[in-house]
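Sharing a structure here in structure tokens format.
Naming follows writing order (A, B, C and D), and every chain is counted from residue 1.
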């Protein structure tokens, strides 16, 4: 059954980019592409050969593999609704976060491996922003840990409901931070505009300028999976765990779809930040996370007010 | 019996001066191996029947018998020392070869002699409890490392740095001396660690602890006591910087840990103190590291950062004891102590690999490097392993120790103590920021050194290192990955070390389950990478795989070596956030309006350490300046000389009359 | 009787401050030697006759004859005539001599002790302090030696003031030592005179930082 | 026995002086050394006994005599080398040797003198002989330094004599044993404290020129600068020990009285001012021997602090003196070798010594380590004990100030040592006709090894000597 939840996460991962694309096209007044358009693109890529730059080394070839592997392995820590994840232990979210980080590490050095004048730009922005966003994630987890007394990713989220109504307050704050963390981690609006045409202002897209074929495909897949991962985390706040599993699964899919639409909306109506404003914006997430932490302290009445 | 052999090996060190140049290395290797053998035997012995302190009569020191006391903490440090020194001198064989032409026999002998003595003194420091003898070997350690630092003494810069290093070590020693004496005055017992328990049982430990902390902290390199470190490490030859950064600075931590074992009250403030200093060291250390262009200086700043991480672990452990949160105490100490070992591994590996690069390029400026992965693939892989480990990424050992600290924090978030929770929050965010910045930094270093296109001629001509240097890389690399993937094995010895500080060390066994899961995930992760690689191979079979130039946005006249990202530009966006702290100065000439045909221009950036500027350089310069101004007494006039006596007589006379003295 | 010699001795100190001719110094040294001899003659009548004669002879020989003679020789060799460039004008020097006397008077009254002859002590102490002062204000190494002799005379007087009875051998050794010291000093003065062609202290300031 | 020794010394010195022949010089020096060592053995085996009424073989004197004998051996050897390197007339050479013999003899006399007047006479005699030796090179600087040293020392010693006279005030002192130390110590309690204070102050000031501490330290520094290195080694070590002995003897008289605390305060002031003077002046100096001289000033200041601290400080002070003697002597011997290469004592003319002569470089490094009291130097232990004593006596501010100043001195010393060893090679250094006797350097290693050995595990004989030397203070 645990495998089922993994399957659900993977399934929604395939759909999210399509739905987001549709939403954005609708808002922009364009003709909506098919939901499966991104998947078709990927399949096309899988059929292609590849071109490797002369200045690259084996790092460049290894990096996409590591990236996809890291993201995929992170999924093992997650589950849908009340299901237990495949791997769960105290402090597994640390491994989760650092696995994502190792993937990112490799993506950054692979971008640098090309020796291109553009890819370095993306690489260092990616490195800086993901470094700045990391505390936010940990602090949110810490708030949850404080709130629920658990220290594994699965239990943290599943036990949110049982505690009290206050969990929703924290849930909302956490969802906000997680959503924006997802946006930052995936280099979407407002940190980065994936559809821009100017390499100078890109982050993620410019890092993979030289990737092609199989590598490019798995990089795309990895970013989808990442969205799905964050969506799964957020969905855990909302799904009522007492319900039977099939209903939870439906809930889950709906939440993921809504998330995709929300992202589409956000991307359509938000403007991209000025590049030097980005750090401030990301640090703001940490600040919000700290507020969440403090309110957890107060709400859970764990401090002795005398 | 072993002590006698140990002493014989110590005395054999003096023979090195008469050994012919060719066999010097082997002779010193023999001594090192002997020392490692005996002390390792003691250490392992201690681990096997732990909770037991063994005491061996060593020599008569200043009319008192001196014992070598080995408990688990000493044993742990002995193993760390031996491990790093072992790889260090294996590496040295290849590294020193490049110096063999322009250094004389005596200079080599002196170098080997000091390397041996650094080893001996480090071993003795962790085994001696008597105060005077401890100070003695402590300073011997500083002294021998000082001579090692100034090995490349034909450079005046190195000499200056060496002197600074010696001075700061001496100041550290003074603090330790004062601390010991303060304890002595109160207790009137022995000067030494054994006297501390008596003192701390009855007196407030905080002030004396601060004295010890400053003394040991200068060695360890806590900010703001770190200013020697970023200079001394680059100046030293790489095998020395590896050993210095790998273990010698940890000996400072040993001192702090040893003192902590005797303190049983007022621990909360001490823990907070350590924690705050460590957080500052960690964050600022890595911040300073990012802006460096000198690879070894950068690594040196990373040592400060890692000392910070270790300190966070220890500080949390102490707070855990004070606040009676066993899990925090155990995991904090475990993480901190494990990180001592881990850091000694990956930092020495990083120093050795960067030393190999230095041998090829004769520069430490990373802006001159690039594309080295194609010339030195093995070195590159080991540097990558080191980088991943130092960033605390999974599969590598750095992750394990950070994991322990993190999980200690998260598990102790439970009890409802506002102050501790907020403290934990800050240490948590601090650790997260440190980890993130480390990744930022090491993606920079690795990319700029090894990836892209060579930036200088010498970078294109370099070749891979061979022989002994690679052996040491392999040794360290294997241990790093072993600890990273199978961490549960390290738990049992670790728990006995932690047992010195807190009795509940069995909590650590519970983490073994988590650590096994880490092993599992690591396995899956590696398997997945391999599977994906095979998939790609299958997919690409029969497809067209081409080689081509990089995408230049349609512009084809691009010169890849010139237009690629540099270290400065990589760090620039981070620099904007911290420019006040690192004192970045950009020097360039502004274009003038009347300048129709601009001249050739250059652009320099350099950064300095504000702590060094305002805490060390400026005050010492001022003091020396004013003292030199005051030096007017040797006038050469005989009358003045007599006048001093007259004035002295009169002043003392009147002081006596007035009963002031 | 002794009082007169003591007062005379203190007068010589004032003359030292007043004198500008170098030859005067030698004469004053001679006078001091004679005065010391007289003081000794009148104060040491209690001891054994042999010792008494020996000490008297020794004093008159060394203090009143050999030393002034030797100093005069050195003076001639270096052709010293006038010492008119002291650091402090004579006028103040005289005042300082008086202050020296007053201070030592004050001191000896403070030291109320049965063992001590405060008359001697006052003058003797003043003599020592004045000797040091004398050295400090003069720029001429010959005068420095003179100052040294003033100190030595003062100390001799103190030894009388304290009523101490040195063992004879020691006493002899002490006097011989002083004599040797002055002789060597004199030789050095001559050396310096030859080497630097002057005995001004200004030449002797090369060793400094 | 001691009379015999003096007669031998005197006869040998006169023979050397009148023969003016190198072979005679060497034979007589050898004979003198034999008699010196023989007498030393005799005196050590008769510790506690009187030799004539004026001399007594006491522990401290014995200790210093051993140091003196060891250094005499080394100094004669280095003097021999010194004359090989430099051209001097036979007259000068024999004058040198005879003065040296007399100097050693008079220092021996000072070491064992039981009567403080005799002590004074011996010290005055050392002044005379040493000033002749300072003047040995017959340069203008030598003349100036010798004059200053002689004159200031003489004035100082005269002042000290005045102080000694005050002791004869002690009631019940009469006859031949008037100024016998033993007698004075026994009667010290009955002496008017004010007398004691004045006496001590005067003696301290007077002998400060000999011991090389504030206030009359200045001339000692000058003397070091110009004297031949073997003589500088002597001035800085045995002669300072003699000066210390002079002060220490008076101190022992006071130690049993209520004046002790006052005297310790004065010593504290003297000590800290000495260290301060040393620290600030050493920054300005450009001359190796002057630097060493200021370092001696510093060490004597530390010794004074040790005396001021009392308790373990007494022990440490004497230990410090012994160690300092060996280390400083080897430094001066070493700088003699350095001079034979660079022909200059100035910093600017030196560099790359380690390359030119590695063994000497090692010796110099070891000297540097030892003199700045960095382990394994025995001085580290003695300084540690002195600071411990200061802290115990609650003289914390002084101790901390001293520690700061010592750090400055260490810095300067280190900077200049490293300059000598590793700085770029100065121009116009010709190395081809420089021959250095390896045994010369070896002798320094022996001395330094002695310091390290005595520091780490002092033999019981040695500690017993020091303990009985200070037993009188307790």
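Just so it is clear, a contact is a pair of C-beta atoms (placed from the backbone, for glycine too) under 8 Å apart; a residue touches a chain by one contact, two chains touch by 3 or more.
Fair warning: this is a prediction, and the values are worked out from it, not measured in the lab.
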Greatest separation from subunit C - chain, by CA centre: A
Of A-B and C-D, pair with higher C-beta contact tally: A-B
Where subunit C and subunit D are represented by their mean Cα positions, the distance between them in whole Å: 30
Approximate Å spacing (C-alpha centroids) for the pair subunit A, subunit C: 100
Rounded Å distance between subunit A and subunit B, as computed from the means of their C-alpha atoms: 36
CA centroid of subunit B to CA centroid of subunit C, Å: 69
Per-residue multi-chain contacts in subunit D, two or more chains: 148, 151, 155, 159, 281, 284
Per-residue multi-chain contacts in subunit A, two or more chains: none
Subunit B residues counted as touching two or more neighbouring chains: 631, 634, 638, 642, 645
Touching chain combinations (by label order): A-B, B-C, B-D, C-D
Of subunit B, residues touching subunit D in the complex: 59-63, 104-107, 110, 132, 135-137, 139-140, 143, 147, 150, 153-154, 156, 159, 162-163, 166-167, 170-171, 174, 177-178, 181-182, 184-185, 191, 623-624, 627-628, 630-631, 633-634, 638, 640-642, 644-645, 647-649, 652-653, 656, 661
Sites on subunit A touched by subunit B in the complex: 46, 48-55, 57-59, 62, 65-66, 68-70, 72-73, 76, 87, 89-92, 94-95, 98-99, 101-102, 104-105, 108-109, 112-121, 123-125, 127-128, 130-132, 134-135, 137-139, 141-142, 145-146, 149, 151, 199, 209-210, 213-215, 218, 275-276, 279, 286, 290, 293, 297, 300, 302-304
Touching residues on subunit D, where the partner in the complex is subunit B: 148, 151-152, 155-156, 159, 197-198, 201-202, 205, 208, 214-216, 218-219, 221, 262, 265-266, 269, 277, 279-281, 283-284, 354-355, 358-359, 361-362, 365, 369, 374-376, 380-381, 384, 387-388, 391-392, 400, 403, 407-408, 410-411, 414-415, 418-419, 421-424, 455-458, 460, 463
Subunit C - residues contacting subunit D, complex: 110-111, 113, 115-116, 128, 132, 135, 141, 144-145, 148, 151-152, 154-155, 158-159, 162, 164-167, 169-170, 173-174, 177-178, 180-181, 184-185, 188, 191-192, 195-196, 203-207, 209
Residues of subunit D touching subunit C in the complex: 54, 115, 117-118, 120-121, 124-125, 127-128, 131-132, 135, 140-141, 143-148, 150-151, 154-155, 158-159, 161-162, 165-166, 168-169, 171, 174-179, 192, 194-195, 222, 225-226, 281, 284-286, 290
